[in-house]
Amino acid sequence: MKVDERVCNALVLFGMLALPLWALAQDEPFTITLVTRAVILALAAVGLNIVLGFGGMVSFGHAMFFGIGGYAMGILAYHAQTYMPLDLGLFTFEGTKSMPVIWLVAMVVSAMIALLVGLLSLRTSGVYFIMITLAFGQMFFYFAISWAAYGGEDGLSIYVRNDFPGLNTLVPIQFFGVCFAILCVVLFLVARLRASPFGLALNAARQSGVRVETMGLDPMRIKLVAFILSGAITGLAGALFADLNRFVSPSMFSWQLSGELIVLIIIGGVGRLMGPVIGACVFVALEHALGGLTDFWHIYLGVILLCIVLFARGGLIGLLTGKESAHV
Amino acid sequence: MSSILIIEQILNGLQFGVMLFLMAAGLTLIFGVMGLINLAHGSLYMVGAFATAAVAGATGSFLLGLIAAMVAAALAGAIIEMVVIRRLYKAPHLDQVLATFALILIFSEGTRWLFGSFPLFLDIPDVISGPVTLPGGIAYPIYRLTLIAVGLAVAIGLWLLIERTRIGIQIRAGENDREMIAALGVDISKLYTLVFALGAALAGLAGGLVGAIQSVQIGMGEPVLILAFVVIVIGGIGSVRGAFVGALLVGLTDTLGGVFLPEFFKLFMETGAAQKTGSAISSMSVYVLMGIVLIWRPTGLFGARS
Amino acid sequence: MSDAVLATQNLVKTFGALKATDDVSIDLRPGEIHAVIGPNGAGKSTLIQQICGGLKPDAGRVFLNGQDVSHHDTRARAQAGLGRTFQVSALCMEDTVLENAVLGAIGANRAVWRFWASALKTRELTDRAKAALERVGLSEHHQTRCGNLSHGERRQLEVGIALTLSPRAFIMDEPMAGLGAGGSKKLTELLDGMRAQAPILLVEHDMDAVFALADRISVLVYGKIIASGSIDDIKNSDVVREAYLGQEA
């Protein structure tokens, strides 16, 4: 049975919305939190997919942006909750508990770091790019561990979830609504991006840098902008993730997380708009189901992953729609 | 800051560097010859450490443990090469990353299942466990000196192997032109398995040796793996000489940065803050080094210019 | 020199002991097709690379419309009006023919920093792309994946994409390579009509095409231009005979 990709996409989003609503009716807040987790991981992977899927750059350090987003939330909320303003000389920084402000900061800081890391990493390509992004990710990991002012290895706990105007974010379904709405908006924007002249040029840069140059365009700059946008989205997801757990720690920067984000995209299908979303749902479901059955669930994840790489190259969407590549 | 401390730290840096070289040499050979990026190399390091702990624990012989480490890692390497890796040589890097990431998960959880989650500890044999007094009155652990000696011996051995033997010629030819050496009648798949097993054995040896000064535990391979990546990026992927220079640079930078940066910040900051700032910055020093090398030479110190 | 659209001045490029380009000065005047021929290994590809900005010459300069572009990279030279086709097709094989042509239109209109409107629904881009595809006879193939095109159609598309840039000068690296007789004839007719739009520097092995198209021919041997002139000049040149046929000729 071959399913149309758009139908498939709509079904997934509908399911993601329906499950928490059902859980609300059944009074099962844990399920709502679980789906919220999937939504946030999906958002992070949607960001990565711009670089990995559309631009063909295998970034193995995207946890760096996830962590930066997380720490942006952690630091802002920490200063607000302890009423200990940070004296920066020129001005005093009070911190904030407002989600929109936190999101903005998370995205801007992630974008700035992405600019710097991208400028350095994009001088290289192929395996070098993979290893360098991995190494930059580790750099942030170790920095977070040794940054004693914000909890060092232990991380930071934020006691009360941050505020969103008009909502009580501590109610799981309301926080879910916020995250789901953001995911939908970002998916819409990314869909436009993909079809735009920029998206077309990025896709061309993935296939043939020489071709793009011959058209008077600069493939490096195109890829750099993609890297920045990607970092900002993953950073935003990090801020939401920190708010979900009300906790940030260096583990948000870990290389395993970078790997898992890639895995999400592969499970769903590289370069497809909804690939990361489907991947995140499957991943969280597996984690929950297998994690309940056995302590060693990562072994099964490893085996499943091996099978996908060796036998199902188009990911789940590829299997369902019968098309191996997102572009054919 | 005495000169004794400085020399001691330089020795520590060297010791760390040569151990990184054992990891990086395999990685860079595997990439140079087969074009494969192998994340599971850290798992082979872990296999070596656990094999040493198990065999040394059972027989009481550390040396037997080390031999077991190399055999176990080489075997594990040969098996994954034949079952999984050889399907990936022509695959995109992304597939290689994923499949070897999957192998890490399988190795880690498999080891946890076999040995449990608690770290194991390895005893260093008495003969080499004490300190020795070096010229200049520096007391330094014999074991760490042994590590340096073993690392240097392996480096020389590898160099001889690659420059002076038939297999070495095949390896070097394999880096340049795969079709050609296949056409000349070299069994390329056997060569690949061999190179992979050799790289694995070196990683296993490093795991066993380092396991004696750290604890042997799940996940011990990945931090070393990532540093080994930094090493080969700095040295130039595919270059064993680059791996050697890169490993020493990284080992020294990491060790000396951790000691001297806090001291440096104490010059103009209060002690506590200097300690914190220094250790935070030093944890990033290796990556800063990598960044500088890349700005200067995007394909590493000894990498082929593209 | 002043009326030349494209000119190189004393280009030199050596690889070790090999002089791949040895003091090459060549120009391209409005409305002409200037063919560069020469045996394999004569340095034709190296010359093209230096003109297009992919290789840095050791010495010498490149002028486009009288402007010194020697220090421009490939991208800047394309923006200055250099339209290039590749010997081995460099197309985006996963994309459709129309998408490939629209990429050219994005370059020509400097439209790459638009993130919102769909590229394939932007008239100014698609009109330009479709017009170019019509010129090269690929109107029927808008939605065909490049990977599914025949070899000849890929060559046509290469030319079509170069057309979307409305360049001041075309550089074509063996456009006839690998084409059968029919395909060659079709492409020859197409190029014949293009010279009025912008002159073409044509590097080509297919001598039928060269004799059918060229207003001038330059012969490149061992990195040196050994002869330059009309078709008859070249046909009757002793130097050229010697280079191609050896001493006994």
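A, B and C are the chain letters, set down in written order, and residue numbers restart from 1 in every chain.
In this text, a residue touches a chain if its C-beta (ideal position, glycine included) is under 8 Å from a C-beta of that chain, and two chains touch if they have at least 3 such contacts.
Every value quoted in this text rests on a predicted model; they were computed, and no experiment measured them.
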What is the set of chains touching both subunit B and subunit C?
-> A
What is the chain whose Cα centre is as far as it gets from that of subunit C?
-> B
Please list the single chain whose C-alpha centre lies closest to the global protein C-alpha centre.
-> A
Whole-angstrom distance, CA centroid of subunit B to CA centroid of subunit C, is 50
What whole-number Å value describes the gap between the mean CA coordinates of subunit A and subunit B?
-> 31
Between subunit A and subunit C, centroid-to-centroid distance (C-alpha), Å | 44
Of subunit B, residues touching subunit A in the complex = 31, 37, 84, 87-88, 91, 93-95, 97-99, 101-106, 108-110, 112-113, 222-223, 226, 229-230, 232-233, 237, 276, 279-280, 283-284, 286-288, 290-291, 294-295, 298-300
Going by the contact rule at the top, pick out the subunit A residues touching subunit B in the complex.
-> 52, 58, 60, 120, 123-124, 126-128, 130-132, 134-136, 138-139, 142-143, 145-149, 255-256, 259, 262-263, 266, 270, 296-299, 301-303, 305-306, 308-310, 313
The answer for subunit C against subunit A in the complex is residues 52, 54, 73-76, 78-79, 84, 86, 90-95, 99-100, 102-104, 106-108, 110-120, 122, 125, 145, 147, 161, 165
Flag every residue of subunit A that touches subunit C in the complex, lowest number first.
-> 192-193, 195-201, 203-204, 207-208, 210-218, 222, 225, 325, 327-328
